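What follows is chain A paired twice: with chain B in the first complex and chain C in the second.
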Partner chain A sequence: MSSIFRGKFALILKIIILAVVTAILSLLAQSAVASGEIAIGIFLIISIFALNFTYFTKISIPLKFFVPGILFFIAFVIAPILFTVLMSTYNYQTGNYISKEAAIEQVLIRGVEPDANQTTFDLVSGKVANGSDAVLVSDIANQKFFLSTQDEITFLDAGQLTINEYGVAVTAPGFTELSADELAKSDAYTKVRYKYQDGYYIVIEGQGVGAVFRQALAYDEKSDTMKNLQTGEIYVDNNRGNYVLEGSPEEMLTPGWRAPVWFENYTKLVTDSRVRTPLIKVFIWTVVFASLTVLSTFAFGLLLALALNRKMRGRRIYRSILILPYAMPSIMSILIWGGMFNTEFGAINNLLNTDIAWFSSANFARAAVLLVNLWLGFPYFYLICSGSLQAIPSELQEAAAIDGANPRQVFRSITLPLLLQILSPLLIASFAFNFNNFNLIYLLTGGGPRNTLDGEIAGATDILISYTYQIAFGRNILDFGLASAISVLIFFIVASISFYGLRKSKVMETFG
Partner chain B sequence: MKNRLLKGLALAATMSFAAGLTLVPAQAASEIVIWADETRGPNLTKVFAKKSDWVPGSTIKVVSFSSYDALKDALDKASGTTGPDIFVAGNDWVPALAKSGKLAPVVLTAAQRAQFSPSQFFDLSYGGKLYGVPVDVNNVGMVYNTKLVKTAPKSYGDMVKFYLANKTKLGLKAGLCVAGGGMSWGGLSGFSALGAEPYQMNADGTVNFTKSFDATAFAKNVKTYLLDKNGKSNGFYPATDTGCQDNYLAGKVPFAIIGNWHWRTFAEAGFPMNIQPVPGVKAGTYGKMFGSVSGAFLTSYAEAHGVAVPAKSLLTNFFASTKGQVAYQAEEGRPPAEKGAQKSQLVLGGQKAMGAAASKSSIPQIGAFLNTNAGGANYWDSAPAYWTAVLVDGKDPLVEAKKLAAIWKANVAAGKADL
Partner chain C sequence: MTKWLRENLWRHTFAIIMCVFALFPLYLVVLSSFNPTGSLNLTSFVPREISFENYKMLFSSPKIPFLSWVKNSLIIASVVAVSSVVIGAASAFAFSRLKFKGKKFGIQLLLLVQMFPSILALSAVYVIMERVYSFAPEIGLGTQAGLILVYLGGSMGVNIWLLKGFVDSIPAELDEAAKIDGASPVQTYWLIFIPLATPVLAVVCLLSFIGTFNEFIVARLFLVEMSGRTVAVGLQQFIGGQYASNWGAFAAGSILASIPIVIIFLSLQKYIVNGLTAGSVKG
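== the complex of A and B ==
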């Protein structure tokens, strides 16, 4: 067996595996760079060198085991955290998605205006004798024809032209028409602004059609301003990702761009009552939800584990049944429970002979969420409690019994403290997991009910992560910057609780 | 060791170079990429499979998404390299996408513009620029079950009277429900028939920025027609659209609001097409529906892909043309937006009936007012919330109507800047 890891065969296998990995990573790097994702491209290139260097040299044996993990950790944990932190310092929302360069380009594309009659012409695209791009334009209404290049306009006599049955000039002396294929495969000619009269120009608006425009906005790179060429109005950078009219900051040009606003999204969490009030409400419910979930699932799991820790007939069958909720995909379970809680057709109201609107009332919705989470969570604690109970030496319980302790005293003074010592890290992990239990809330209640008519953004069952999702993706105005700030806040809360819990339980010392 | 490292790197580099040459996906030269949802996408694919030379020299590729929401999600995440050149959808995304620089302006000739109703361009514009061409009329209509109801209802009261008289006898689950378009978009007729609309239109087709709906009159109608003497729902109009279509088809609901894209489902189930708008409180009046248009929109990515002109040509040669709309609507089944296509003999009776319902009583769908949260909530969230509050939670219809009116008024005021 060990020969697989040594000798020529191992070397060839290693080279092949590394070559395949390198090829895939190179492909991804190439694709990332082509898409303008330079940071991702650089990371992938560094990964290629790190992997090849580690496995083709004898620099460090442990590193050969750690390198893939480290790279994945950087890619899927560190990088998203850093990106989220970075985005939390930006005005990054609907209307402010793109880079400043792209926004300037878009503003200038839109910063044109048609002439008073919104004139359009039939035209033919081609080249003139000197090789310049040109259009042969037919003003059918006025029976005028002209050849226009970027720099000059030449009016033509109808006698010089071939005119088709629609009255459109198709050939002119010294003008070569481009074929449909040439037109479709090259966009260079479409970017040209063909000369027209009185400061207006013609742009191609589809094959055979041109429209008359003039530039209404101009960008001054030196002062970083936009100027309305007709009115002279100046639009300045408001340092929040938009050009706004000097003196009237509410009048802005679109689109805007992602602009750094530093700690504004964080201060908004405290100073803006529209954000602060729901955030506090959601935070309190998140802590209550996570705590009650951990308590209820642990208590129920432990109860079942204690019950089934004794010898009884059919114990194996009971144990198998009890882990069924854990074996079923939670998404399916949540959706089924959602149907069971339906007011009109749900099994629960039918069984109880009630007409409770479970997801319309805040308290009923919260109860439903806790109940479903109990169903989903108790098998996990049942399993680990069962295992842990086996790990507690029976001598301790026997000794206590000999000393006269009753079963309740044995449980309270020996079994439970020992169990808690063993299970503390798992209880903390469960708390952290439920603190961010997005699937349950999103699929069961969608965070609701929320009193929309009173302007409530957060629903009664929204937890911090579902509220963040609501801000980032759940509405028509998407605010990724604010959502990132809340995500960073959640990160620190969960990290602090976990760190405190782990220190208290002294698990780290045990590992140390 | 150095030799081994070099050999390994050389082999890896060769393989990666070969992979790079063969596997890098690229958009073919002059390929116009269209994104659409799960119904429009496959139908467009069928149309382009039959005839593909709508733009000489260019090929067309349709990418279908699993749902309308999936399409929206993809558009939100699209970037210069991944985005489409054209997408086909309803018009309510125009303000947000235009504001974010994802749409590119389109210019039509006077002759092309004359083929559409001017209000249709209103739906597809933002900041005075047009971003797409109207493809089909997007509306709802009310159908009634002729096996249960023998004559067409003339007023809202007629429908309620029928429901209350036959509720027990026929085992009716509701009187009128929303089977298409959801409680917000499809349900506008339900609001409007009783006197509430998110914005008021003047007779000349412009928006009245000062007036909002009369909350007192609306609440009075809600009490009269939808609540019993104890102030609880009488069951005529459910607060959700759950099960509406099934119950209508099972003969348990006599009146249903359906979307114009699935009238065929009802026709094929044996129900004749009795399509009309929802009747209003006074006989001869009707609740207004969103008589909006779906559009084919040009994206700013088309310019980056070098296909801006072919894409614009596809918009005019196919999406906005009589031939194109007739060919597409033969598959899609909605009323075409273009005047020539509307007159075509190939357009079916159901499509024409839906179009007629929209022309009888509709308002344009103005995303700038409907999508904003400036009043505390947007139209899409606040509309169903009213029915939940009144019909499920038993809250006072007038108090809630006043809140609703205030939200919608603030949204209109805020959205004015985005027109």
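== the complex of A and C ==
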């Protein structure tokens, strides 16, 4: 048995596994660096060294156990956390999403203008004899025909060409047309600028149609400015990820790039009322929601535990039924509840004989959220309360009873305080969990009702985390910068709650 | 008799009320799944007719590729569960049993980070995987492989922490004996620790399976293609906004998707309840 872990076999296996992993990681690192993802490339290279050194030398035995875990941990836990903090200092959003180099390229591509008549031509895409992309253009109005590539334009005689019934040239000597299939596969044709006269060129606009354009903007690398070639206007970098017209900062070229804005996303949370007002509203509801949930689930769980805290008929059956909401995959339960709250056909309205539009009114939606979370959460507290009740030494209660306390007094002054002390870390953990209970809100109400006509982002049942998601992904505009700033804020809130809970549990360890 | 009533009546009454509350949605969804009209509109709370139409639809309708969703969920959750335990167990063993520099710092970092809800870094993960896609489309955004990597890596903090708790509870006498007999830590790990810890590792593996199966939002962002979705995302998108018309098939699908999870959960009840009191919350 032990020979498997020593001998030649183990060594060969180790070499093979490491060789495969090294090869894959090297390939990835290479293509990462090649496409400009330097940070990812460096991480991959460090991983390769770390793995090979750890398993081929005797640097450290604990590392042999750690390395794979640590690498994953850094890549998918630490890196995203750091990256969130980094993004929160950038204006990382739609319109400022790409790198500066890519933005310059895009600005130049978009920085073109049509000629005075906005001329368009019929054309056929294909290749010329030397293999370069070309278009066969028919200027029907002037009865002119020409072949155009990126570098040359060759005027042709109508006699050399086959011209179809619409007056469009379809074949020319030395020109091969591409089939629709070939065109669909290669997107190069739409990107090439085919030469025309007077500094203009032709760009393919659609199937068989091209338009005449010329470059209107030019980039000057030295001064990092964009220049309008016709008007001579200069666009400068505004240090916030856009080129703007000198003197009138409102006129910017699109797209922009992601640029550091330092603490702007954070100050926005406080100063910009369009961000601040919903944020405060959402924060209050988050706290109310988490508190009421903990309170209600704990109360019902405890009551149940008390009710069933003695030998009685049917206790096992009760227990196995009561645990079911907790055993169900919560996603399914939430979606099921979503159907039950349906206005027209839902079971709740059916049962109550009402026609309440649960998710259209703020208060009804909030009530529904709390009710569903009570259903999802009370079995958890029932389970731990009944466990903890048995852990409380019965001597105390008996002594109190002998001293003449009635059961209610025993509960109030002995059982409950002890229980709260034992369970306070769990109550706090539950609060922290519900503080970020994204699935419930997102799947049940989607954060709504919200008035989208007014451009409102925050809905009545949105909690901080679903609000953050809404800012980051929920609209046409992705705003990762602001979303990350709120994420960092939430982290500090949750971390302080958890630390408080941790200290409580530490205190308990020392005493009990 | 009156004494029995006084002491037990309220207990049974309350327990029965809560049982009805607990069972009501489940009863309803089972009822709907056998309702031949497939609509949300239940005319009565008592079944009049039992039909398997909705279940048949799951396996035949191209609108709802239920089988591929289940397959995707099973593959993703199993790969994540097994790999995370294989990788995590080694780290947890080192944290629990070996002595090394920086151990205390490592444990504190782990404790801090496992409190950080991974959903907070969602946009960061999205951007990182978008960039990975730009040079390695096979494992980037939009692929199941990428999703597995994100789950595996993202659960590392919590999993190592959870596993360390379990490993701490396994008596160390045997490893120490092996050490005295001259076994290296690697030998101790494979020959002593792993056989001892197998049941515990299996439990953590199943818990991780449930957790991954239940994950929604990352899967939602990652898996765009209809047939590539997980059960959770597939059913959510299927029912989304169409409660009235798609209800029957959804009910049948959610029952089938829940049964394995409920079975695993109930059979692990003991461990989960112990884990609960140790301070971990099911996701």
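By definition in this document, the second predicted complex is superposed on the first by the 315 of 512 C-alpha atoms of A that agree within 3 Å, B and C clash if a C-alpha of one lies under 4 Å from a C-alpha of the other, contacts with A are read in each partner's own complex, and residues count from 1 in each chain.
Here is the rule we go by: a residue touches a chain if its C-beta (ideal position, glycine included) is under 8 Å from a C-beta of that chain, and two chains touch if they have at least 3 such contacts.
The structure displayed is predicted, hence computed values, not measured ones.
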First (chain B), second (chain C), both or neither touched by A:F345: both
Partner chain in contact with A:S35 - chain B first, chain C second, else both or neither: both
Chain B versus chain C as contact partner of A:V20, first or second or both or neither: first
Partner chain in contact with A:P114 - chain B first, chain C second, else both or neither: first
Chain B versus chain C as contact partner of A:N228, first or second or both or neither: neither
Partner chain(s) touched by A:Y442 [first = chain B, second = chain C, both, neither]: second
More chain A residues in contact - chain B or chain C: C
Which of chain B and chain C A:Q397 touches, first, second, both or neither: neither
Touched partner set for A:Q215, first chain B, second chain C, both or neither: neither
Chain B versus chain C as contact partner of A:L322, first or second or both or neither: second
Residues of chain A contacting chain B in one complex and chain C in the other: 31, 34-35, 342, 344-345, 473
Parts of chain C lying in touch with chain A, wherever the complex brings them together: 8, 10-12, 14-15, 18-19, 21-26, 28-29, 39-42, 87-88, 90-91, 93-94, 98, 100, 111-113, 115-128, 131-132, 134-136, 149-150, 152-154, 156-157, 160, 184-187, 189-191, 210, 213-214, 216-217, 221, 232, 235-236, 239, 243-244, 247, 250-251, 254, 257-258, 261-262, 265-266, 269, 273, 276-277, 279, 281-283
Complex contact set, residues of chain B against chain A: 1, 4-5, 7-9, 11-20, 23-24, 29-30, 55-58, 73, 76, 79-82, 96, 98-102, 104-110, 127, 129, 242-243, 300, 303, 306-310, 312-313, 315-317, 371-373, 375-378, 380-382, 385-386, 388-389, 392-393, 400, 403-404, 407, 417
In the complex with chain C, residue positions of chain A that touch it: 1-2, 5, 28, 31-32, 34-35, 37, 40, 60-62, 64-66, 68-70, 72-73, 75-81, 83-84, 87, 92, 300, 303-304, 307-308, 310, 312, 314, 318, 320-333, 335-340, 342, 344-347, 350, 375, 378-380, 383-384, 387-388, 425-426, 429-430, 432-433, 436, 438-439, 442-443, 465, 468-469, 472-473, 480, 483-484, 487, 490-491, 494-495, 498, 502, 505
Complex contacts: residues of chain A adjacent to chain B: 11, 14-15, 18-27, 30-31, 34-36, 48, 52-53, 56-58, 94-98, 102-103, 106, 109-110, 114, 118, 120, 179-187, 190, 204-209, 211, 250, 254-256, 342-345, 357, 360-361, 449-455, 473, 475-478
